[in-house]
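Structures follow.
Look at the two complexes coming up: subunit A is in both, with subunit B in one and subunit C in the other.
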Partner chain A sequence: MMKKGFLVFLTVAAMAFGFPFSAAAEEGVTDKEIHIGQWGPQTGPAAAWGSVARGTDAYFKMINADGGINGRQLIHHMFDDAYDPAKTVAGVKELQEGKGMFAWVSGVGTAPGLAVKDYLMNKKIPWVGPSAGSLHWITPPQKYLFAVYPLYEIEAKALVRYAVEKLGKKKIAIVYQNDDYGKNGVQGAAEELARLKMKLVAEVPVQLTDSDLKPHVMQLKTSEADAVLLWTSVKHAVMTIGTSAAMQFAPQFLSTSTCSDFPMMMSISKGLWKGVIAATFAELPDSKSPLMAKYKKDAFDKFAAKDERWGLFYYAGIVFSEPLVEGIKRCGKDLTREKFVSEMEKLKDFQGISGKISYKPFDANDPFSRQGQNQTTLLKCIEGGAAERLTDWMTIQ
Partner chain B sequence: MNMKRVYYEDVRFFTSGVVFFWFVALLLFLAAFPFLFKNYYVYVANYIAINVIVAIGLNILVGYTGQISLGHAGFFAIGAYGTLVLMTKAHLPFLVALPLSALVAALFGFLLGLPALRLEGPYLAIATLGFGMTVTQVIGRVGFFGGRQGLHAPELSIGPWNLSTDRDFYYLLITITILLTLAARNIIKTRVGRSFIAIRDADIAAETMGVNLVFYKTLSFALSAFYTGVAGGLYAFVLRYIEPEIFTLLRSIMFLSMVVVGGLGSIMGSVAGACLLSWMDLQLRNILNIPYLGEWLKTLSQSFFSITGVSNIQFILYGLIMILIMLFEPLGIFGIWIRTKKYWKMWPF
Partner chain C sequence: MLNFLQMIVNGMAAGSTYALMGLAMVIIYKTTEVPNFTQGEMALLSSYLTYMFLDQYGVPYHVVFPAALVFAFVLGCVLEFVVLRRAKEPNILGMIVITIGLEMILMGFVSWKFGADQKTMPFPITPYDSVVIGKVFISTLELLTMGMVLLLMTGLFVFLRYSKLGIAMKATQQNDVAARLMGIRTDRIRMATWGISSTVGCTAGLLISSIVMQPYMMWDPLLKGFAAAVMGGMTSLPGAVFGAYMLGIIENLFGGYISIEFKSVVAFAIIVLVLCVKPSGLFARHYVKKV
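What follows is the complex of A and B.
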């Protein structure tokens, strides 16, 4: 009995104080190691995005297997926050104050990210590539926060431009989720159409909880739109297409990178997603690009769990960390946070498996000094969920 | 030996010198806490304190009055949003905005108490559940409340003090928590508390004895909502950012499980339940870092529960611990506490 009690005590003590301090010139950097933190939901409502963090993990393992960066190994600390900001804050503080992270990478979700943003920025800890396309990261821009995810406005502009100029569509409408995300889409589409001396023929808001989209589709049908932008969640995008098919309304549907994981979209929509055009921010899973092939072979095949899928979310974890790795590389042996920031600011047209990424010296009045990627590419969903690439990387201002 | 003969003996706070000693020891420990532990643990303590307040409030309703609520995340949200909106839009100071928004929560509690006069058990559970979910939906759609983008907490200063760190906020939060805990304990010992208990034990009998059911049932809801509203307002400053998705049904269930695991109808139990479950909520994932055991759990999880083995296992453990407590000690942690207390009655004196 006594022995058991002692074991329990040890376990609790290990849980409570299991984190040793590490002393170094810069927090999170030793001669052999660089500590990078990341949160990502592995459980809870957003668990599907958990693969982002696992992608980063495999990517770091690949780099370490290749000898690390300037002789240092990347030590990846990822934790599950179940998309609950309270847990995100807890985990970030625990790792930061316990082990000491040099920088943070990715981090899924707007709410979890916003809950820790001030904490990281006040401590002047670099954070690269929040995994959510939100204006929050760059308004106002923060010296230590480098956004990678392209803004949804850019995608809207690219899609509208393609629909009008390449497909000759005359009447563009949009279905949008009634929030930040959806409104960014409306704004981008409206701006691009204004440039082309046109207007949106219908703007139909969808609430997160709507479960019947017939009225919405009716509105689209009455507007006689020949192209419809879907700026909604995956669920509503699929519902819109399904309802439209039932109501014999067949415009060209165009959607965001959120819905660009075609194999998944095809399976949810039971094949209706075929023919939809979507913007995306990274290469395709079966891309011929040599870098993509290397990641697939050396990161995914070697380090991913058995049932993992080589999908967009998974290698998005690589996309968001590529600039971080590049910045650390450029710092050389002498790695400090200030040096890292100044090296990041020198990134110009850096390209991994996403569009080109550039930053500028920090300017509190210029959000784009911290918005890395301004390129997108368009895909069309074809038979079996495969994708046909329609355009090269398009730069949108 | 231990028979109480007069009312004042029953309400007396320090029943013996031992109790007084431990109470002072606890206060000293709480005061020294931020200096003994890393900042991270201060954040954890803040998180726990918030849940303690909610659990006590919910226990007044569930444990003492015998009603049920699956909608306390709604009151929590009202408290949080109310405090931030009153501070940022109406420019009220924190110490005014917090009780005001808690009163708003109490008002909603009173309103929700009205259907509770007719509803019981599962029907009441569904009604309150509907309330909790409605609040989140409404807040999420109204631009004034920041919609889905949520709200940021403003700088917090009280008088000359600027409470910007977890540590600063800790002292405010702990003070409020202690005051509310003592208040709850006292309320239960008064006519009001006895009426609650009478309603719980047999509402018809209580009514024939002269307990006004309408008044006391709605009062219980309002009081419970008030506590939860205060906790919500404070929570907004622990996180410094709130959005509707934080206040989900899952949170309501979490609150309820704290009360049940802690022990129904016991203030001490609520404190213990809230401490244990919030601690596990934040810390259980570290079980994977324990040598050998962590590795083993990870492999177990990988083979049966998730491809990643990252953390699903912690939820299974979490559930397991709760089941074990309920199985072996239906009175919850409070039951364990009573037995321990009997055993160690006079220690160390």
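What follows is the complex of A and C.
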């Protein structure tokens, strides 16, 4: 009887003292591992951006091969959400509540990201580098959400400024995906044109499922635009310039960074992408930067799948993860979410293979306390899918 | 006026692709009364294999395109023989669910084997060249697609009306038991129907692939083709083609004059409208049993 009572006492004591121990350890962090989650479309209409998650995966493997961060290995959990917000929500909840992620990184798409933003923020889970330049990440700013991608608005402003001031274009139109991604582009273009005392001559929305863009190009042609901004998926961007070519409508096309992987765009468009100007947020694939060379050699060459390509979308997965890795490194051995946030806020002019990234202490009234990169650079697609750099890094507020 | 004419031509061009998918759906429906939702993915698989042989093995067009059509025929027959024929006590709902399941399996296979990155099929003509008639433009690819639609529609019409196999197909649809009693091997007829339908779908897939290829690419044309077939009455080949052209034109005019945002839902509004007002479609002569 005494023995049984002692066992009960031991069990109760273990429960009473054991649980607080496990509760004190940060979710998703053990002595040897840090669990990071990520979603990305490997199938579906936005699958071309699926390589972002694969790029992050190779980057984490490279870090692990180099010994990890402060003795811990990065365990990368990625899943295919097919660019479907319902699947994003299901996948994020499954991983967060099933396995427990310390933080989330990247995640392609405005709509999928918006679907899980509140969930992650309510649980105070850090999320670094959503792979979309949406205003929604920072309006209002969230303590645990660190945007890396330059805002689509910034890109639109930079492109419009270049089209009007450098190319002398008088009639600017935009064809945009009818969601937040596209509408952020429209907003940026309209604001910049208002500054220049001009207006968009046409705003043409495209649905993600549209397979015939002739009516859209008809509207662009009727507007007599001499420059057209493309704020769509890769498929629709190619269809727009293809349909325009067939209808003998030849304005200067300018595209968001999501279509700035020139070799791929040239291949899909059968050469029509030549001459298109695009904004971008990272170094060029053939950049001479030592860091790019290291990533190419130690991440891509060693860990990428056989038929993977060293293109912008692939190493964008590295761009969006670099600040996360830097923040974790700065935390040292004592890794908690609060400490991570505090270290991220100290990042100032941090530069990996993108423009400079800075954050500030959280200020609910300052969206830019959580917008890391405010720089973009413009490129022109030339022969063979190579890029000609048109501008230096442009800082646009 | 010029814009209006251009929209009509654009609508006909878009309608040609829908027509090919609509024809493919009608062929199977005529024999089995099952709308085949695997149609798009059967074409997808044939198109991706064609791409593989063209791009990776350098097989010339004149070999690979006919081979693709033969493959598509065999694929259709195999799916019918291996999967659909095995369905126990099949009813129409069960068969539809099977076709949706097959659709997902084939799309999953293509995504796994070829990846989800966008590609374009090498093609003998560029999809971005155009012909100018008056001041109205139409791309050479769209002209080719229209030609293929007319050719296939006429060919199938003649085949179904005058050939022994075509008449047997019609008999199988109208009365399976009577057809069997008359010595028609209805299983084989259904298998051939799937083969022919898959071949027609493959033609659409090859033409679409010359613009952008991705595992998702056949879903929209399939739904639009289905809408066109419903509009035309599901059993009428000219009806499906007429429905497809009407759909393309309505979509373009709607996008041009009313709302481009809601252009893509027009097709589905038409399905609802036709099913409510004239469920047998615009062209079908419905087979009514007298009791």
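Here, the second predicted complex is superposed on the first by the 323 of 397 C-alpha atoms of A that agree within 3 Å, B and C clash if a C-alpha of one lies under 4 Å from a C-alpha of the other, contacts with A are read in each partner's own complex, and residues count from 1 in each chain.
One rule holds for everything that comes next: a residue touches a chain if its C-beta (ideal position, glycine included) is under 8 Å from a C-beta of that chain, and two chains touch if they have at least 3 such contacts.
On a predicted model such as this, the values are computed, not experimentally measured, just so you know.
Of the two partner chains placed around the shared chain by superposition, subunit C is the only one that A:235 touches, whereas subunit B remains out of contact.
In the superposition on chain A, contact of A:333 is made with neither subunit B nor subunit C. After overlaying the two complexes on the shared chain, residue contacts for A:86 are found with subunit B alone; subunit C is out of touch.
With both structures placed on the common chain, the touch criterion links A:267 to subunit C but leaves subunit B unconnected. In the superposition on chain A, A:307 contacts both subunit B and subunit C. With both structures placed on the common chain, the touch criterion links A:50 to subunit B and to subunit C.
By the touch criterion stated above, A:212 is placed in contact with subunit C alone, subunit B being left untouched. In the superposition on chain A, A:115 contacts subunit B only, with no contact to subunit C. In the superposed model, A:288 makes contact with neither subunit B nor subunit C. On subunit A, the surface patch touched by subunit B in one complex and by subunit C in the other comprises residues 42-43, 50, 178, 207, 209, 307. Residues of subunit A that touch subunit C in their complex: 41-45, 47-48, 50-51, 178, 204-205, 207, 209-212, 214-216, 218-219, 222, 234-235, 238-239, 242, 245-248, 264, 267-270, 272, 307.
Taken in their complex, subunit B has these residues touching subunit A: 38-40, 43-44, 47, 137, 140-141, 147-150, 152, 166, 238-241, 243, 245-246, 281-283, 285-287, 289-291, 293, 302, 306-312, 314-315. By the touch criterion stated above, subunit C contacts subunit A in their complex at residues 3, 6-7, 10, 13-14, 17, 107, 111, 115-120, 126-130, 132, 137-139, 142, 211-212, 214-217, 219-221, 224, 248, 251-252, 255-256, 260-261, 263-264. Contact residues of subunit A toward subunit B in the complex are 11, 14-16, 18, 42-43, 50, 54, 78-80, 83-87, 89-91, 93-94, 96-98, 110-111, 114-115, 118, 136, 178-180, 207-209, 305-308.
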